[in-house]
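Take a look at this one; I'll ask things after.
Per-chain residue numbering starts at 1, and chain names A, B, C and D are given in the order in which the chains are listed.
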């Protein structure tokens, strides 16, 4: 765990996959082809806490939907890459844009399409119910499943490693 | 448990958080940014039983959505505070409005934003799947998870403590 | 179990509650107050098999929504009573309409509002995740939870008791 | 397991049922009778990987909804048979169209209406939470439940048996 905290201490950018990470992988579709996703309220609060410390958050997903734009805008996340079947170019573009090296990036994924990024970043994280190959190539597994708190787990891990968590939580019980 | 029942006996106002308490934390979003929530039918019946004894119910939530207004109106709950990122002022306003002291209030929460109220009320309740810090500062944990009967658990606890539950349930088997 | 099969042999009318029985109790609401429910495909097939033997199916629910009308129409269920906060009068009306005595009725419920009917029918059934008082007053508990196959369990119990199940299922493997 | 891999090696067409297999069986309905389904993102990726090796995918379902058309089109699946209460004629038509014998077909089902096909195909698969009679007549049960990865399990089984899986997955970690 100390090794994980050491890796987490260096992180300046956290990138999340969407389906299976910020959701439980369910793609709700309607008769007209419209799409719905179920995000998690506690994940949202974690992402806001993380951003308040200056850490950047990005999204890289293979699918494309307006739903993702809406959710990310409401969380103040500006780096949103959708429709990236090959995620690596988006990853490299985002690192350059934010001005970080791969060692300063944490990536959270659930499926094999996330592997090209996971094998390159400083902190590779799989959700608890990730595909076996993702688990195999992750430095850490979130205690929670995708869509059920996995992103919150990641945010608190990094906040703890960087010394922000305790003071942040203490303010709530003053 | 006797201590919990003693605290519950004094309650005149029960305040619920929404996401993660009256729901399982899922935020359903559509392509147009419209929002959906999944409430629980048995929670609804518990809240109606509780209100029938004269106990007041309030809602304080950090998010804002029309969905919450619709659900609360159908349950006859008039004290609805939405968009309260800092929940404490709403809590104090509501106590004054209803005319109760913090010792006469039960609050049910799931996340750290609920802590400022939880540490002040007479009966602090966390849902079974609450954040660890919420569990730590709660007098009681509902046996059920948020959105899966936690609010019903709370209603029956208070009805039992105040001597109403047995007679209420008995009328159904007459 | 033989006692349950004996009771099930006499059944000519099966009445289901909706929320918590044909669904898992989730009430999905949208921004405009519109309502959604999640029914179960295997429950639907069970209800069709049951009806094919001449057994009648009815619905008595405390809430009112167009969703229920749509689902019941698609299953060919004509006896639909909605908005029945007090379920007993609807029960008595339905028994008279179908021409059965309470001993010939099975009722499936999950909450205390179902108790007035449950204590009167020949076969009182609670879903696996029913309220403790419903469990206490049920002759039988479905192995599955509400919305996750409970209604199918009930249909197969009655089909088995009346000697139809084996032949019905055998036709699928001819 | 070797026997299953041998059967899987011969497969040229995989047919999936929809409700309970590609979903968890939940039928979401709205006030206007409109229908929604929750598909699984990882299932989708499995079906794309499978198709990329030349294996054909078909859908045979007893219900009819526009939702299914939308999902299948987005996955590039052209053989979609809906409203087939009796699934056998559709199965025979599809085998002829694709030019395969039953031994070259895998079928994945969850309920008794799937049995007429399951007893005829070379590889009969039930989802983990299938009806007992489906389990009894299946050569293999997917480790995952319907809608929670069952289809992905099936795709990877066949890709492994035909020697494609390892190389496919390896490309992600290059």
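Operating definition for what follows: a contact is a pair of C-beta atoms (placed from the backbone, for glycine too) under 8 Å apart; a residue touches a chain by one contact, two chains touch by 3 or more.
Bear in mind that the values here come from a model prediction, so they are computed numbers and not experimental data.
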{"item": "For chain C, the least number of touch steps when starting out from chain A", "value": "2"}
{"item": "Furthest chain, CA centroid comparison against chain B", "value": "D"}
{"item": "Copies chain A and chain D touch via same or different residues, half shared test", "value": "different"}
{"item": "Intercentroid distance (Cα basis), chain D paired with chain C, Å", "value": "31"}
{"item": "Distance from the mean Cα position of chain D to that of chain B, given in whole angstrom", "value": "43"}
{"item": "For chain C, residues that touch 2 or more chains besides their own", "value": "28, 36"}
{"item": "Graph class of chain-chain contacts, one of line, ring, star, complete, other", "value": "ring"}
{"item": "Touching pairs among all chains present in the structure", "value": "A-B, A-D, B-C, C-D"}
{"item": "Residues of chain B that touch chain C when the two form their complex", "value": "28, 34-42, 44-45, 65-67, 70-71, 147-149, 169, 172-174"}
{"item": "Residue ranges of chain B touching chain A (in the complex, touch as defined)", "value": "19-20, 23, 25-33, 36, 63, 110-113, 115-116, 119, 131, 133, 137"}
